[in-house]
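Structure in structure tokens, see below.
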């Protein structure tokens, strides 16, 4: 259970790291959208391993195939099935994983829950699972852009203690894609890359922060009281592997202020209702207010490190385990398209829900 | 839409601040649980206004009534309908609210979404809406305690810059309830209360942090990949009014560490699989690992302040608005039972989902 | 579980026969619909007991109250909570029911499922449970009529072997309401009434057929492959108490024909795509085709009869049970508003789902 | 929308007749079930075209592949993705279908709903869509048999006017599979086959009735008030292509009886609560009572006939259309495994729901 996301634009993902492939079924996509694999592949290329020296060197081309739901290059309104085959399945590197639980991975919890687990490559807990999300998110991004003019974007703003100040309203995709760490500030990006390289050399890993934004979202999206826009964004982000925290607008820092300081004054600017500050993060009472939506997600440092660590085996005997083979020091650059995808999935679902109830 | 929470223990809340009442329908409650109003009222009393000098002085007794779903003091397995009447409805204090949007409230966004809004008392955006959650949460807490030995608890750990160090494993309900701010450290609590009193005197307000914990949760609860336990907890917390951030385990601070530093080593301790640290926060890969679940939520400062603020009216003309009448300087003490309720709702739902799929 | 119906116009019903009342919460109602109790009461009056000599003499005024979701006579877009109090609760007539299972009722199955049951008045299995459906259905009917021009109607066409031929396209509400059995053919209605009176005199009961129709439904509503319009209509009708069968269009009789005979030829009639016959019943491939939707539901004879019948008690010892007290010989006239309500709920939900995905 | 079925054992189907394939994703399957393609293929072989002279001659091997959700021959508890490739895609026979709507097919309604349609082979409206249901149903059947001892079975009982009397409690799979029409009475089967051959020779087609049964279902499955077992069975059956009617137990015929005649007397038989008759069809008040569940479904005559019929083209101009190429005179034998699959899906979902709420 738990592999479906969304109400009206609804995705169901499937697949293990070393099984027959990874995929997603999308139900509820509006008909008559132009769609071919060429719309999806660029996002998958941003997500795939082996892009640069600071991410996992696993070799996967991650070529996506559309198996259903389109006809003559247009969506039919029927389920869209997308599949990516698994290619690089070297199981020899993983044999210890068959009998030992990796610390701060999900090995033990899957064992405790299901009684068995697909240990090669981490099975369902592999980051490969996000392929389906990113592919579906590419469709959602296209719909949001074409039908509502909404722009969804993300970037890396912090790696360990190295921070970049990024303005949610103005950074561009070109800036994000200008360096391998996907931080729009190229000077800070260089520092980040250096730190990641260093940690990789130490057989260690890093975590950091991804900033997600959505611009031009019309006022009115969000479904209180439970399906508030920020609640669904939070859930979406915290469903990504390795995430530990989510904040929107002023977030944790906002509690330092008093109410008087924190409130976003409202003013009519050229006939449009605007706020003079955006501590609300584009959402008030669970509903978008027309300002840029901006939020930050903490990704913990990658759990696989090239050092001996204390753990237990499947018979619960104490032992140790050391990461071997491919080393992925930093998930952040590849997390950027994942964050964008989940953002787009949440927003499109809310756009359709709003259209269902409130279209006149 | 969006007023139902949960899959198997499923609540639907209803009600506006000044309408016929506030309530909740619970579907999926297991049968044969002993249940009367006496099980619910104490939690509602912790939530209700007018408890102390640092929260809103609105006068409500918030007496709950069970209208269905029980027979001779036991749950039937049928829907449980709970209702609380609205009493203190002084509409005169609110007349300006009819025509002006309060800054950093949901007035404008409800207007934009629905085209009309119940302005007295904030309508559905009032904190009264959480009555249904707290009442349903009381049932969930009871079930978790009686059937699985799970303990759910929350407390205030920060008000503006004043912080208390609180150990998620050991603080007690008695400590939490020993002072009006619901911080288990009484020395820090006194400082917090003083600060809140000061802000109230200034016609201003504060925000802060609530810590939520769940102890004795068995390993195995959580439904990856989307309905991870932390994702559902995050959504639950971010669906509470005034929340801006959620973090579990090491949260945002965890990104300062390397993977080697951050990982929770695993060891067999007296026949049980334990982690030596708990940076994971009791959840790994979306599934509980048997350690204490602990997380923190940021509540922004209360938006209503007794000062003139810039805004627009319903015809989008620029104007100002000043809070009048009852002043609520701090939502934190009343947020504690809300956090506990939402935690219990998430955990019980996952307990039942786990039982459905994995019971042998 | 199982007390919520619909996806976008979503109702959750609650209540037992002899508890604190019966009600429903509606989530997803579009905002800005004029709505007061006066819109709902007439449908509840058609459903309530004691209307005539051929239905149950239980005395209930069934006055509905709107507790939330409206403001100044208009819907807010927030949940609408509707409540009807229980009045006539004579428990003395029911004491044997506490310890014996009534044949062809749900007493034994509720006992088997939940381990306990609210025996007074049948608890949740009482026909009173349908109050919430009828009240919510009144709102759905109003929306369908005002926003899409759709007319929903039902009538009785058969009581035991007495049949009326009724044209789905032309019978009127006035005809239906012109007699107490709600059969639009008044001559046949008189025969039906006579038969029901006779059965009542014998301490026995009857079943029969209700015809449901929806006129002016636009082509395009329905969500294949599982949520076909006829599948959702079928489920809706079979969720009503005492139903045993559902057929749409040509139904069971259609199998006597060959494909060539059965097919509905298509022709452009005054610029509109029409079928020359309507054996499809207004639905093809799960989607409305613009023709009148028509279907029939079998209601079994009422299970409570004034005769000794073989059964077992709660300790599974063999015994007998005889119906006493109020005798309801025929549920059909009261089933008519129930069928209309469920039809309207299905159609409105599909209207909103269609609007969500296919509005351009 | 509408391509997901079930709550806890939840299937999502995808695929068009002539696209990249047909498939299903199953979420919620319990872990540790032995499962390979060999468990699924026999059911798909019963469903596939070209089995005999009385069904469609389309050539498809329908080889199923498990792409995810198993490891070393056991289910993981993660989503199971099943795919069957499309092979026989002769588009030349279908060219007229591109521009004309086939009478009593879904061509016009898909056009009206989505604005475009995948006309080759009927796209999503092809009976190939049921492959995913049958494959998923095979897993559900296996689980029901192994964990609860439940047996699910179906057979053909009527073709046009030719009827077989079949006892729901005793007919066997071997009897069903002993002839190509899948009627357990071989004498009547021979008549049916003769009639179908005759209709095929006439370029015409037939419809008929399929009987579905489930034996050894424990008392207690079903979720009133909306998700009654018969309501979910009815929806499941009416979601199959070409179905027009569903009845359970006494069905439409039951209305001829009075309540006294119709009621199922209850008696303790060897310590078990039994009913002496089974007019209820194994379900009372929406919950199984431990008796055999039995129901009947009407399948209309196949709509494609080899005769000129009146219709309109995509510009709504009047025209005619004659079926060409492969002729399928009778869907009934292939509907038998479809009915079994949907029955198993409903029952397993309810088994898990019951386990979630009522397991102690």
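In this document, chain identifiers A, B, C and D correspond to the written order of the chains, with residue numbering beginning at 1 in each.
We take it that a contact is a pair of C-beta atoms (placed from the backbone, for glycine too) under 8 Å apart; a residue touches a chain by one contact, two chains touch by 3 or more.
Note that the coordinates shown come from a computational prediction; the quantities given were computed from them, not determined experimentally.
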item	value
Steps needed, at fewest, to go from chain A to chain D via touching chains	1
Most remote chain, CA-based centroid, reference being chain A	C
Magnitude of the superposing rotation for chain C and chain D (Cα, nearest 5°)	180
Mean-CA-position distance for chain B and chain A (Å)	26
Distance between chain centroids, defined by C-alpha means - chain A, chain C (Å)	46
Distance between chain centroids, defined by C-alpha means - chain B, chain C (Å)	39
Residues of chain D whose C-beta touches two or more other chains	1-4, 8, 13, 28, 31-32, 77, 113-115, 124, 353, 356-358
In the complex with chain C, residue positions of chain D that touch it	1-5, 13, 101, 103-106, 108-110, 112-115, 124-125, 129, 158, 160-161, 199, 202-209, 219-228, 230-232, 234-239, 241, 243-252, 254-268, 271, 273, 275-276, 279-281, 283-290, 298-305, 307, 309-312, 316-318, 353-354, 356-358
Contact set on chain C toward chain A in their complex	7-8, 28-32, 77, 352-353, 355-360
Of chain C, residues touching chain B in the complex	1-4, 8, 10, 12-16, 19-23, 25, 27-28, 31-32, 65-71, 74, 76-81, 83, 113-118, 123-124
